[in-house]
Amino acid sequence: MKRDCDLALQPQGQSLASRYSGRTVLAIGAHPDDLEIGIGGMLAKLARDGAKVVMVIASVPKDFEVRMAEARRGAEILGCELKLLLDGGPQRLEDVKTCDLVGMLDGIIREREPAAVLTHSNADFHNDHLLIYNACLPTQRLRYFDFFCFHPSMCRPVPTAFHPRVYVDVSDTIDTKMQAIKAHASQFRCRALSTDMYREFAHVQGRLVGVEYAEGLDVMRMLLA
Amino acid sequence: MKRDCDLALQPQGQSLASRYSGRTVLAIGAHPDDLEIGIGGMLAKLARDGAKVVMVIASVPKDFEVRMAEARRGAEILGCELKLLLDGGPQRLEDVKTCDLVGMLDGIIREREPAAVLTHSNADFHNDHLLIYNACLPTQRLRYFDFFCFHPSMCRPVPTAFHPRVYVDVSDTIDTKMQAIKAHASQFRCRALSTDMYREFAHVQGRLVGVEYAEGLDVMRMLLA
Amino acid sequence: MKRDCDLALQPQGQSLASRYSGRTVLAIGAHPDDLEIGIGGMLAKLARDGAKVVMVIASVPKDFEVRMAEARRGAEILGCELKLLLDGGPQRLEDVKTCDLVGMLDGIIREREPAAVLTHSNADFHNDHLLIYNACLPTQRLRYFDFFCFHPSMCRPVPTAFHPRVYVDVSDTIDTKMQAIKAHASQFRCRALSTDMYREFAHVQGRLVGVEYAEGLDVMRMLLA
Amino acid sequence: MKRDCDLALQPQGQSLASRYSGRTVLAIGAHPDDLEIGIGGMLAKLARDGAKVVMVIASVPKDFEVRMAEARRGAEILGCELKLLLDGGPQRLEDVKTCDLVGMLDGIIREREPAAVLTHSNADFHNDHLLIYNACLPTQRLRYFDFFCFHPSMCRPVPTAFHPRVYVDVSDTIDTKMQAIKAHASQFRCRALSTDMYREFAHVQGRLVGVEYAEGLDVMRMLLA
Amino acid sequence: MKRDCDLALQPQGQSLASRYSGRTVLAIGAHPDDLEIGIGGMLAKLARDGAKVVMVIASVPKDFEVRMAEARRGAEILGCELKLLLDGGPQRLEDVKTCDLVGMLDGIIREREPAAVLTHSNADFHNDHLLIYNACLPTQRLRYFDFFCFHPSMCRPVPTAFHPRVYVDVSDTIDTKMQAIKAHASQFRCRALSTDMYREFAHVQGRLVGVEYAEGLDVMRMLLA
Amino acid sequence: MKRDCDLALQPQGQSLASRYSGRTVLAIGAHPDDLEIGIGGMLAKLARDGAKVVMVIASVPKDFEVRMAEARRGAEILGCELKLLLDGGPQRLEDVKTCDLVGMLDGIIREREPAAVLTHSNADFHNDHLLIYNACLPTQRLRYFDFFCFHPSMCRPVPTAFHPRVYVDVSDTIDTKMQAIKAHASQFRCRALSTDMYREFAHVQGRLVGVEYAEGLDVMRMLLA
């Protein structure tokens, strides 16, 4: 689809690379597929541009082997390291206390010393996503990383009140993102759900900032040094 | 584009027709093209289904003849009556006091006895749009009409924090809407601006409620009797 | 009490009946009496006008027999079917995981195929009410029903920040509502609490839309087709 | 109407008198009747308890003699001093620049040295009320007075999103308030509008804090010394 | 540091003493040190001026003996009674159901009959703080006390969206507050964390209302009688 | 004052320089001194690091020569170009229509092609500041620049609800900022107002992100490419 904006208006060279290259970015999602849907394009771009990107999946509630295989494939496509927080088999996030979740996330923050943390937002409507958001909030006390929240991630469309403030140009990596989402066949193809809406949504987001495809982020804390 | 939602999930027969048929609906926009962009599909549908739809344009700031001709063509395509609030030539909304604007709108409310009023929202970023929104608010005291606000209407994309609560299925009238928008050639074709984004945006909105195309509305007041 | 508004200003014939008649409406409350207090007038009206109304009570925390008898009596007065989610005796909502609650509600959505779902709002201050609200949110992904939230339901008055957008005219059914509330004698008469405030509150709400009595709803998602 | 709350729960002796007695309170309304409707009970109580209460009316848009006579009668009933900001005949607030309004209000603040300022809120929907609210905001820089906003004042009911945080017990002065409102016959009796809703609304507000009648205030700034 | 505001602008004698003297104020914090950090200056002032101040600590998650000793020392410095909600040793708040927490807090409200309750706000980011806030909300139904929320209390600085509406002048008691915070040596000195930021923050808050040091509160409900 | 945070936690090398060096940044303030107070540290840093920074002052309401001299001195200290929007002598912003203001700002955007625009926020309480904010909003349609809002700028402290999302480290340029503020002697020294609060406030903001001094920004739109 041809974009109708004037080329002269397009933004130039403000690069993610220069911001996070050579540093660690932690993306923390409740379940496999959340990170691919929410920020797959951004993660692929960060990884390509030299950041160390760790995809942290909090838990796999069921179909452990199938979903872990999909998660590994998704992370591989995006070029990221995969880490499962509650490992050893299927686990439900609600069976873990928030204070224990915070403790585990604190451990990762201390070990990985991330320059940025990305997670679900409080505009999400899935309870496990909110649990992860709530557990990430206090980790901010340990280190002054940039802290961003991504759009509610869902397999089927539902209205939400998420309001992005920062947009990431993912025009280069939208195909990689779509491929990573499709790696989660148990969630989409096997349920006869199309993934078209993610591409279309990224295209509409892109229009708002003059690029072909974008992902929107809310900003909790960001330092311009 | 094929929609991927299960047919069994689709909403049924809750009809605008039964709500407003045989009654008057007032749509109030700041300038020509605002109503076509914001709610063209809804207005076409209402008109088709037997409502008396009045498109009130507050003012034409310049190029009076050209833009009025476009406005007339737009209203004709949608099947609506057109009314210019500040008539007799080009006028700027800011040159009129809000109390005078309210007085004029009060007059229309009293004369037309609308069942619904639709206008700009306070999430808009064009000052004239906000002036019209502010002038519509107090007209609510005169009559218990439904009061809805539409998405910020703009010729070029800008992020806004508009959050719809009601969605209107415009799958039947999206083509009519697009035609009515294109009637405003001075705003789009002559400026080499595409109108594709309106169709794409309606498609994304439609996904959220299981229809092909939708327009989103915020609700200020609505009675279910 | 005589209403002072001009008859000519009153809204006409926008009917709930035409919207939900012959279809299923699910009302989901945390405990017995919540639905009667929040939307008893609307439910009575829907049932009278031909909708299939199911009152889902999530749990009875104690006094199981007494409160279930009151709940049955309340539902009978309103003309609705009663369904207890956590059945078999007294249960506390907090003893059930949200993912299990969502699973149970998903089952009801799939079985009943509702045209509308009504539940507590996030402006409530009772934790069990918020648990139910949170568990209802993700059920929206399964089906495109209208989704409304009602005013915080409480036995004693407490300020809340609930802001209605849709009002339901319950002038015809306010007496039925009051009778259904009083069926919960263990909560009111036995605790020497009056129910007068519910009638008075509905009267004040009614003033805002020109009817004798009204109930206010927030709108999460609604389709005008 | 008998109130059903337990006497033992009722609040005790936290007195406006001890807070503002012997000091000046400025109430600033756009037009005659706004202050009576919004905070007539509070002003009567303050005046009775020894505060110097100045009712500032910004302007009289028309019917100057009639409305000024009503305003004087209203202030007399409440026991307050009356001051007209734009005097010398009918004037429209919009014909005065905000910077000039701020200048006039600054002058009053400097001269009267108020302990509290009360005015319209940003939840109001009348443009003149918002102009006054906006002009009062910067006067806060001159002096550390308590700054409160009152409920949108209107002759006919319209839904608003005003959310009170402080409630003033006006059980003793509700009759005085009603009498002061009725002094504005040109707005109510002559237009066949009843004033019942103000008493009823105060009664519902009172329920929220355990008194017979209350007025709600939003708090912009308040010092507990 | 010399304050640059004009003395003539300073607020006068609106006293906490006259509001709560001889009455009970309940301050409810999740853990030892929260109340000292959030409202230590206010509590010291209330106690000094004749209020009966009860510091309720919900739980001590670990290091029970050390932290209880620090809590006792903190309360002693502030002149307040100390009460541990979950006593008998280290306990985690998340191991208690909210309905049980509410039950315990209800018991304290009934027994102590407070004139004011102060607790964490919903702008906090520590899950235990939010649990306490949520459990305090419904206690409002039992009694018409003033209900205030204090700034997120934290050992290390994190941005939050807390917005105070009422400010308490703690110029007289800031040193007592600082001493009480330092009593929690296990949280500060032993972790090499300075407490300077609390004094600095109180100084900046004070500037906003013309006093040397202040603590900010959000207001959920307050009666001016 | 020694900062107590652990050096290991401090953020590294995410540089403004790499983002805006060699590009144009437009800072738009209502009057002389607003930009120095709001973002003086950031502007000095941008200019030092190679950005072309243009300080646009909308108008000088009075004392034209004195204040223009101060503005020139302020801009010189910060290393920025100064541009007066309404030139030729004292002018009041309210005497210009918003549509004309937008036209003038559009012209500057087209001519300067900024990579970022910084202006007042909608949390400000000075009417002229809000006029400028409103006039900047629609300029976003012309070009995809980053768009930031700064903290309400004021000569005397007043509580506001501004909530920053991005923080700029101004530790290197805080002294330059303070010097630039003091260049506005007519606003501070001549009125016996101290400027200490700006340094103190920047210090408190800095604590939140682990640097010595910071300025907070709200983010309307930002692209990470």
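Here the chain labels run A, B, C, D, E and F in written order, and each chain numbers its own residues starting at 1.
The rule is short, and it goes like this: contacts are C-beta pairs under 8 Å (C-beta built on N, C-alpha and C of every residue); 3 or more make two chains touch, one makes a residue touch a chain.
Everything numeric in this text was worked out from a predicted model, so none of it was measured.
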Interchain contact steps from chain E to chain F (minimum; 1 if touching): 1
Chains touching both chain A and chain D, listed by label: B, C, E, F
Farthest-lying chain, centroid of Cα atoms versus that of chain D: A
Between the pairs B-F and C-D, the one where more C-beta pairs touch: C-D
Longest centre-to-centre distance from chain F, chain (CA-based): C
Chain C and chain F, separation of their C-alpha mean positions in angstrom: 51
Chain C and chain E: spacing of chain centres that average the CA atoms, whole Å: 37
CA centroid of chain A to CA centroid of chain F, Å: 33
Junction residues of chain C - those touching two or more other chains: 142, 156-159, 167, 208-209, 220-221
Pairwise chain contacts, counting only pairs that touch as defined: A-B, A-C, A-E, A-F, B-C, B-D, B-F, C-D, C-E, D-E, D-F, E-F
Chain F partner contacts - residues on chain D that touch it in the complex: 97-99, 102, 134-135, 137-138, 140-142, 220-221
Residue ranges of chain D in contact with chain C within the complex: 1-2, 4-6, 156-159, 161, 163-164, 167, 192-194, 196-197, 200-201, 203-204, 207-209
Complex contact set, residues of chain F against chain A: 9-16, 18-19, 23, 42, 115, 142-146, 165-169, 208-211, 214, 219-225
Of chain D, residues touching chain B in the complex: 61, 92, 94-95, 125-128, 130, 154-159
